[in-house]
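Common to both upcoming complexes is subunit A, partnered first by subunit B, then by subunit C.
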Partner chain A sequence: MLGRFDYERPTNLAEAVRLFAETPSAAILAGGTDLLVELRSGRHAPRLLVDVKRVDGLRRLDVGPRGDLTIGAAVSLNELLEHAATRWSFPGLAQAAASIATYQLRNRATVTGNLCNASPAADLAPALLVLGAAVGVAGPRGARVIPVAEFFAGVKRTTLRRGEIATEVRIPAPEPELRSAFLKQQRLRGHDLAVANVAGALAPSTGTLRLAFGSCAPTPILLAPIETKGMSAVAVGAAAAAATLAAASPISDVRASAEYRRAVLPVLVRRVVAELLGGGAT
Partner chain B sequence: MAELRVVGQPVPREDAVDKVTGAARYTTDLALPGTLRAAILTSPHASARIVRIDTSAALAVPGVRAVLTGADLDIRLGLYLRDKRILARDVVRYQGEAVAAVAADTLDAAREACHLLRVEYQELPAVFDPRDARKPEAPLVHPDLATYDHMRGVFFPKAGTNIAHHQKVRKGDSAAALAASDVCLEVSFDNPPVQHVPMETHAAIAHALPGGRVEVWTSSQSPYTVRHLLALAFGMPHAAIRVHVPHVGGGFGGKAGLGLEPLAYVLSRACGGRPVEIAMTREEEFNTTPSRQGLYSTIRLGATRDGRLTALEAEYVWDAGAYADYGVNVGRAAAYSGAGPYALDHCSIDSYVVYTNKVYGTAYRGFGHLEVLWGVERAMDRMARALGLDPVEFRRRNLLREGATTITGEPFTNGHGKPIECLEAAAEAIGWGRRPSAPSAPHKVRGKGVAMLHKAPAMPTYTSCAAIVKLDEDGAADVLVSGVDYGQGTYTVLRQVAAEELGLPIDKVHITWECDTAMTPYDWQTVASRFAYMGGNAVIEACADCLCQLRAVAAGALGVPADGLVCRDGKVFPRQDPARGIAYKDLALGYTFPNGNSIGGPVIGHGRYIATGLTNLDPETGQGRPAQFWTYGAHAVEIEVDTETGEIEVLRIATALDAGKVLNPLLCRGQVVGGIVQGLGSAVLEGFRFDDKGRLLNPNFVDYKIPTAKDLPREIVPILLENPQPGGPYGARGVAEHPMISVPSAIGNALRDALGIEFESLPLSSERVLEKILVARAPRPDTP
Partner chain C sequence: MNGRLETATVPAGMTLLEFLRGRLCLVGTKEGCGIGECGACTVLLDGKPVTACLVLAVEADGGAVDTIEGEARDGELSALQKAFIEAGAIQCGFCTPGMIMSARGLLRRIPNPTDDEIVEAMAGNLCRCTGYEAILEAVRVAAQAKAVPHAGQMVAGQSAGGSGSQGGRLSSPRVPGEGGGRG
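Our next item is the complex of A and B:
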């Protein structure tokens, strides 16, 4: 039973914002793969669903002149994965998207929705954090841009203000030859939420490594940039693993214990570092 | 035996196209016009008194037609032990137990009404671990156990305790033999409860009819058992109950016996005879419908220095959950099989089925054998190592062979099949004896393991079934049975059997996919890997009856003696004169002479089969003949373990089964692959997790994982041996459950080989594996 609610499917953004802002207890429906689970369980009982899939402009998936990427809020994971420029420029993001759920669900689930759900285990979050991505927002008091690094306020909480709708994810133009990678520990090879996930991006020209991880703290976490020039992959991996563990505060749940998360998180970090910097994993 | 034309061929399953196109109809596709939908309210407590239930708000919901609680239903149900109510009455005994049910015009209305039921509970002491439940101070899950009806002489509930059944097996003098052994070891193991996870959840529709009759459509493995148990529960004549079973989306044992049918019936009665449909949500399938029991086992083995097993003692403590259901029979069957397929002169097994305040257990593919053999086959590896023997060689020396007797005293004969051949074939297929190939990364290690398996159908000594074969106007044949093909492929096999026996091509033999107790002939239940064996024999007899009728009519038509006639290629003809043949289509409804005179009549054959030579087991020693046949097999696996994350990957698994005769290699291999994957779930993924209040923590697919296509072993090698079974159709044995059994054991043994670490608990999750690796690597204080 999904409860009783009204349903609106606006076609322009201003109307969507108005409907969403003026109704207390409204929810945004994009892919619905998280929302419908919440509705069915009764944990969430909104009075209005605002379906944004038909809103003009939210299906855009554009590469800018310098290689920056804009992903509209109605773009599904499979649409992102079928987008050659994404796979080419941001392989870590593609790996993260491909690791989510099943093919059928990826036909529904959206990139933006994965962030807005604000799960600590959101697989796209670390992948977007290391790319310096931001979320474009429209609200009753106008538009603004929130860096993904400032988007998560806690478990299932974002820094979106009341009435604000996330309209797109923006990834800045990648640094030259940018390498990126994503790894996820799960209980089986088939679809599963992350026990831990780690993304990394390395700009070879500057040697700056960005790392982010998820499912091991109340929010996905971006580490301070790590300078790798003159360091071996093993040394970088060790330093990165230590920094990750220092930032992690995992809990035990039915999927894994905190101890297991603490054990595999540095393994994933070392493997991501090894993949980006070359050299064998420890 | 004449050369077989159809049996043994890889005939594709007949139901495949209907299923993939959505044409196949399942229970909830069959709702009659005007059918009401039902929902249940379940208990949030594992053990509580129901003080009162306020139904007034629920009854006021528009569209609600009936609200029932346990207070309305003074009926006890049970397969072997009548310990369960349709809805909890006075007390609840597990979290998830149905407390009340609502039937309404729509499912939404029924669910809303359930939300508005006000139940006042008074929590009672609970017990969750069956080892605790055996202690004298444990709270009693069923204080009135002494007053319950049960199948006497077979099951032995202990009044004043939580023991629903105690099965003993005694052979020789195990204590003396252990004392005299050169090497002894004792090891304990455990398995958690798990779910069957059928693709189609439990569902039933009941239509209460005037005159105390009822018609039921249900997702069940057992149309006749459903009818029989309904008749017993409600005191109705069998003929007043008609049970239909359409296509079923998987059962794995979880849809044997009785399920939602009584609840659907009482709701329909309460609604003045409107049909009522009830179907479980996935969460209810986990929380409310029965599971596979957990097991704690302790095994003691003795052996001589030269590698002969001297004795086995075992204590099996089953976590029955709140009701006995099939659990007591699992505890019984897994005891008489509880030493593995080994020749043992001295054996003592005590199998206790113990009530706890958790979701109750039932049959699940393997019927307790996967669980007990997890311990036995791990213990055998440890004994081999203690003796310095190769695990394959140690098993080879001790497996059952001609001249030995089983632990219940059954002589092992040439007709039992060849467990040793199974072991050798599986081991050979993974290159046993050669070191594992190099791991794929420096942090990975590889290992190999083997494990034996065996199982016989666990069924009453008088189990029987029947088949009807009727010929159509065009000379084709229709087979009618009441065993259910819920995915095993048996119906395709029975078509092959009928085609073979009748001398027809496979496409001229049909089978009726809906079982109907008013139309299709008796079958006990579709469980225990016995349907192809027993149903196959019944179909052979029914075909012989058809042929006899065909020959009699043809004899009259041709003016020759019937015993000189041959039936082949859809024709009856004199052996010496094939050209004088008469086509089946000209005999199927009777034969008409050129002048219009007619003889014979519609050809309808009837066949039956009843278990033969089985005995009840001696209550004190377990000695007797419990098995119509045994199927033996072995798995050999090579795995790779990631020592940094604990992940196991199965690189190759070879599974050898002595099938007696492979009736359909395509379907047989399908059973092997499916069984291995399901066994892999038990091995590395599955297990219920409860909190300290007995609440199930993983009742959904987010938190409870089963293997997916991505989790398949890299290579699966099915090996099907054909040492014939006397009495089996064409020499066949059942192989449906067997591929799943001992998959965890083989993987556990390979894990020991890879890591040098012993694992006693399932599942072998990445987390559990890594934990043991880290403990093993941690520096230890010096020991003197």
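Our next item is the complex of A and C:
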């Protein structure tokens, strides 16, 4: 038994928001792959779970007319991976999703849950940060949109207010020919959170490179855009690695020491840059 | 539940795994880690492999659950079970029910999987006894033997020919440098 709590499975968003906002100590249940582990450990003992997987509209996975993508809060990682338009337009996001956990878990784990869990190691976070994604939110005081860059408040803390439910992740229309990539350093392949993860997106027409990384600070971090026009891939890689290290504040934990993280992070950054800009990897 | 209707009232905190083993006495499904890491508890929920230790029993309300107990029919092992025996993919057998359910989920989605697809589907199932190669071979053998699911196991709206979404057969993208940290 994972604890003593009630369970509700509303089908309507207003009802879900009401249940969640009105019950002290309620928790949202999406795929449960983080939450049920927390419940089992006793670290978290909510009185009510509000399962959002059957809420109308949250299963949507739509591409807008200009190529923008909306991923409803009930969409699983495998559903995202089976979505041809996502793999085609946002390969870095697909690589990040494919790197998470195991096939069985990806059938349950949701895209939105990966962000809401607010782990510094959440693999989708850097991949979504470089795409300029945002989280759609519904709450007792109405709906709003939070850029992913403003979504994380600290380890396991988001900027969602009391009673607010994330309803979807929105990715804006990609710039023409947008390239994206994701790399993750793990102790072993599968079954493990990242020691460090790095995502990049390059808009070839403007030469603007966006980079984000995780597992090396209390929250995933998006760097200021880097202009690459007229620079070699090696020079960009060196500048990006320096900027990344300046923004990182890694700790030592069960997965790796802070020193190791500082050593591996620039390697991943240079590899992502080399993949996006072409030229030799270092 | 394996094609039969089961009605029960359960506490919300009960996992699907506890329900299967404790209430229905379907003890073929095993508990290894209890936290989603080993795959011993793998069952199909609405045709898809999931770890039953990370699903609440109430979440399966109204859904179709397939367990290892549904594999053999009229005392005859399924082609998949036979393939595991023939390939020597079983020693203590603790991981086997989960392995078979992962393989069943794969073969329903992709009847003729590539080696990469087999590895992806089976990577969430740990075995402490056999080599994984024998297990992968068992899945290959079963696929060649056209291990089509029993009629009773088919999920409404699903065919053995694919997920039906986006034209079926789509393997996950390669993760560049996956495990690349090793380099």
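Basically, the second predicted complex is superposed on the first by the 281 of 282 C-alpha atoms of A that agree within 3 Å, B and C clash if a C-alpha of one lies under 4 Å from a C-alpha of the other, contacts with A are read in each partner's own complex, and residues count from 1 in each chain.
Heads up, the rule we're going with is that contacts are C-beta pairs under 8 Å (C-beta built on N, C-alpha and C of every residue); 3 or more make two chains touch, one makes a residue touch a chain.
Here the structure is a predicted model, which is why all the values come from computation and not from measurement.
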item	value
Partner chain(s) touched by A:V234 [first = subunit B, second = subunit C, both, neither]	neither
Partner chain(s) touched by A:V63 [first = subunit B, second = subunit C, both, neither]	neither
First (subunit B), second (subunit C), both or neither touched by A:Q185	both
Touching partner for A:V264 - first (subunit B), second (subunit C), both, neither	both
Contacts of A:A149 with subunit B and subunit C, given as first, second, both or neither	neither
Dominant contact partner of subunit A by residue count, subunit C or subunit B	C
Partner chain(s) touched by A:V254 [first = subunit B, second = subunit C, both, neither]	first
Partner chain in contact with A:L193 - subunit B first, subunit C second, else both or neither	first
Touched partner set for A:L105, first subunit B, second subunit C, both or neither	second
Subunit B and subunit C footprints on subunit A, overlapping residues	1, 185, 188-191, 264
Subunit C residues within the subunit A interface of the complex	11-15, 18, 34-37, 39, 42, 45, 48-51, 53-56, 58-59, 61, 102, 120-121, 123-124, 163, 165-167, 170, 172-181
Contact footprint of subunit A on subunit B as seen in their complex	107-108, 111-112, 441-443, 644-645, 684-685, 689, 697-698, 702-703, 705, 707-711, 765-767, 770-771, 774
In the complex with subunit B, residue positions of subunit A that touch it	1, 185, 187-193, 254-257, 259-260, 263-264, 267, 280-282
For the subunit A and subunit C complex, residues of the former touching the latter	1-7, 9, 29, 32-33, 36-37, 39-40, 49, 51, 53, 78-79, 81-84, 87, 91, 94-95, 98-99, 101-105, 107-108, 181-186, 188-191, 195, 264, 271, 275
